[in-house]
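Okay, so subunit A shows up in both of these, paired with subunit B first and subunit C after.
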Partner chain A sequence: MWNRLPGVWICVAIAIASVLFALLATNAYYTSLVVWVLTNAVLASALRFVLQIGELNIATAAFFGIGAYTTAITAVLLGWPFWLTLLLAPLVAGALSALFGWVTLRTKGPYFLLVSFAVTEVVRLIYTQTNAIGGNSGLVGMFPPMAIDAYYPALAVALLAATLFALYGVERSDLGRLFKAIENNDAIPRSVGLNVVLLKVLCVVIAGSAVGLAGGLHAYANNVIAPSDFTFFVAILALAYVKIGGEGHALGPVLGAALLTLVGQWVAGISAWENIFYGAVIVVTLLVFPGGLVGLAARARGLVTRSAR
Partner chain B sequence: MNAAVSMPAGGEVILRAENLERRFGGLTAVSGFSFELREGEILGLIGPNGAGKSTTFNLISGFLRPSGGRLFVKGRDVTGASAKTISRLGLVRTFQHDSLLSEMSVVDNILIGTYHQRLAHEKRMEKVREVASMTGLADHLQTTAGNLPHGLQRMLSIAIALAAEPQILCLDEPLTGLQGAEVSSALELFEKLRTTHGLTILLVEHNMRAVMRACDRVIVLNYGRLLAEGSPETVSRDEAVIEAYLGRGR
Partner chain C sequence: MELFVQLLANTLQIGAVYVLFALGLTLIFGVMKIVNFAHGAFFTAAALIVTSVVPFATVELGVPLWAGYLLAAIVAIVVVLCLGALVYSIGFQHVLKDLNGSFILSIGLLLILNGAYLAIYGGAPRTVPQVLPGTVSIFGAALTAQRLALVIVAAVVTGGLYLLIERTRLGLALRAVAMDQEAAMLQGMPFNRVALYGFLIGAALAACAGVLMAPINAVTPVSGDEFLIKAFIIIIIGGLGSVTGAIIGGLFIALIESMGGYFFDPSTATLAMFILVIAFLLVRPQGILGNVE
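On to the complex of A and B.
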């Protein structure tokens, strides 16, 4: 089902239902929860998107923060129009992703992971050390215009869902095939005249722009942002969503993000045990069903098909 | 097939290496190695293990930068140029190991070879079908490359290179692990690529019988240096080659 068109239409139907829910629900907690689930889904999908070229990009968290800070700075400090502040989030995050990718993607595997981790922490420290953008306290007061305010959750859900479909579209395109080829054996694309570094940078830019937009939307959804919102732990949680949902299909990170975010609401009250809970869930998932939820679904489908024969 | 051909096919020089050198720390893998490849010929590059064949391949395809010497493709100095630049000039290589995208389908593997040029999807697929048919992969397009039998995997690595429309095809031990009939059909393919498609082929191969059958000319490397050069017959009778490579008993 996952690789066929009906699966895509089911996802479109769920996305439309989510937008309608965000539009019509009267309980602000539930609407914000839907926005939060989709924000996490974009973070996880972007992380998985870069995993296509074989790299674990911890700086996903940094570009989420850059998107959020871009929107917050231009909205609160500069007073720029809402749509412009939102548009700048993916553009600035994408541009900085390009610079980051061009410098760092000549490294691979653990080296790239360490560099991306360092970049995330350096960016966070820059926020904390810069009083003009609120230092440790961050920025407050990002509100959508009055005319949009009531519809903002629906707008955010629509844009986040569109971002997820865009990432899926790229994955299924020729470009996605090239990303997979790089992950599989980058010497082959090099040998037939392709610029592998440029393709890797493009992959990071697309993912960076996606989380940049999510960051911008998060700034307006939350009204307040602080450096502590954008630590490397954001990327670690996104990795947990990917692993629990399953890496084998674009739907995996979305399912993982939905499950863990919703369960996270329940465990949020158990303080220090919260992180232990996440860790335990990841370990159990990797041990019991390493393909995640989508792998489990594929296995179940295989069993059903076999028993039907 | 071409055992009677003693002279290189009479085209222009399409690839020239001058005093090529590559050092890895204290080890000199290739030293003062010069050779020419002429348009339309099949040139064999042979030598014992560790002779520097793979390093030479990496140097001429841009996967390694030479420590010294110069390299010209179609008259253009490409010394130190990237693999992308050299490939786009028409020199495309295959690999001895990890020569395909094992987790992807055959069609996706061959498609990768077409992406250096802008083409409509249907044109790309046309190219894929043409190359697949030429290499005996037409019935396996949806198979995952890693699940293909070994012989077809070797063919697939050639198919990827062919999809990139090379003028110079550099084949790194393409016959390794192939059985008799597979070797024959591979050699027929090389000949067809030369005669029908006008390709120039540089062949690194350990199967000496195949090299003697397929190549117009053979160059022999030993300890990173040129040991002998000439027609397959000349080289196979060369005392130094027999001693260094073929063995005294043969």
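On to the complex of A and C.
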């Protein structure tokens, strides 16, 4: 798919097939699974999107939660219309990402990693301490309107797939090249007069809006949300998807999310073994196939498509 | 006055464990430039081992409680050192100085180890009988003898580490590698071996903290993770890689926690701590004693 158009069209075809599947399948378990796979794909892609500037943004989990809470608060507590609540999720998450980025992107590397981690915990603690939004038990009762209810999974899949394509589109644009340039050496873009901090903030805002939308869709898909759904562990799993799929290509996180979410359904249940399973997958992938599935495919074809790292 | 002394005593006992925990993290970061999320797993391993060796020693071997506890402490530290060496040679050795790679690896290890503890010990909290019963009164502040012992042992260990880093050849090597790995290697320092020693010292510090906490708090397979989050805050405040910074940061966070917990409530204190860190980073991103890259 790198540099070749047919790959993109195959992905579009897969996306349309997923939407049709969500529209036509009668088994609610499978349709919700498709929505969940794509939600995870967006989380992983957003995490990888910020990795383009070389930063690991644990607060991806926080903005997913902010999107979900924005939708849930406006829908359940304020009773605002469906489309507005859904539109506000990426807007609020994006605005808060801008604030977050403006404050924290003065730091980088390990400091940014740990601060984004701290922010995620702060946001979660704020939910648990605020009784107006349900405290520890969260919010219940986000339902799509009756007219849309039957099509909701298809709508969610379509919006999530569109988000994935949008992230890919930005990555391939000139803006995406600037992000890569920052990762490689941020002194060079700065030396040609670019505002590096502003570009970094923009990168975090794009990723934050994407996961905000995914959060809003998740609120309606799940009908119930709680602070414990938005711990830093969400970002850790997203990171596992990125690593398994391979971060060298935009398709990597999507593949990783699909694979691990589906396999995760199968091992889920016994929490001890679920942890061991995810842990082992991460460790083995990192040490044995550092490029992930995408890197493996590239090596198999004898092509060096791994970009940047 | 009495209240103030009591709060100060609380600060010291909370801070003692934080300092040990954060010292290990900061040492590992300084030498290997990795953020080790699995650090809490060393703490938990040591505490869990104490909870199983103490009953075994006192019941099966019939030794007195204090001897059983000492035996448990030695077993725990030795096992954690072996675990550390294993984790280092299988994993961390291959991702030295790769921030994202080592972070992900440590997460994977944390999941495996936590899962293993859960599979072996189950999720129920485990306790150890009081090793030193009774309370001690200092300037009107009541302190259980166990907690006083914890503070003293932690202070001795911290002092020992400080001497090790400042006065010995190994300490010199650790500092040199932390400062500039390539220059240190050019002087003939075996980076891999120094990194291993740094990692093992860090693991042993976490194990000490675990051994000391086991008789005081009930132990669960995720006990170490609670400390981990605070330890990260401590080393951000103190400056990543700075030993003195970790000590100052640890005591500072303990102070906020005991004051905030007394005058407000524990979750407000935690929230205040996080917000303080973020505010702090705005002013001084590299921490109190950190170096700018």
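Convention: the second predicted complex is superposed on the first by the 299 of 309 C-alpha atoms of A that agree within 3 Å, B and C clash if a C-alpha of one lies under 4 Å from a C-alpha of the other, contacts with A are read in each partner's own complex, and residues count from 1 in each chain.
In the analysis below, a contact is a pair of C-beta atoms (placed from the backbone, for glycine too) under 8 Å apart; a residue touches a chain by one contact, two chains touch by 3 or more.
All values derive from a computational prediction rather than experimental measurement.
Once chain A of one complex is fitted onto chain A of the other, the partner contacts of A:P81 are absent, as it touches neither subunit B nor subunit C. Contacts of A:L113 after superposition: subunit C is touched, whereas subunit B is not reached.
In the overlay built on the shared chain, the residue A:L287 is in contact with subunit C alone; subunit B does not reach it. Contact with subunit B, but none with subunit C, is seen for A:D174 once the two complexes are overlaid on the shared chain. In the superposed model, A:N185 makes contact with subunit B only, not with subunit C. With both complexes superposed, C is the one of subunit B and subunit C in contact with more subunit A residues.
Once chain A of one complex is fitted onto chain A of the other, the partner contacts of A:N275 are limited to subunit C, with no touch recorded for subunit B. After overlaying the two complexes on the shared chain, residue contacts for A:P145 are found with neither subunit B nor subunit C.
Against subunit A, the residues of subunit B that register as touching in their complex are 61, 63, 83-84, 87-88, 92-95, 98-104, 108-109, 111-113, 115-116, 121, 160-161, 163-164.
Chain contact summary for the complex, subunit C toward subunit A: residues 29, 33, 35, 90-91, 94-95, 99-101, 103-105, 107-116, 118-119, 229, 232-233, 235-236, 240, 267-268, 270-271, 274-275, 277-278, 281-282, 285-286, 293. Those residues of subunit A that touch subunit C in the complex are listed here as 51, 56, 103-104, 106-107, 109-111, 113-115, 117-119, 121-122, 125-126, 128-129, 236, 239-240, 243, 271-283, 286-287, 290. Taken together, the subunit A residues at the contact with subunit B in this complex read 174, 177-178, 180-181, 184-185, 187-195.
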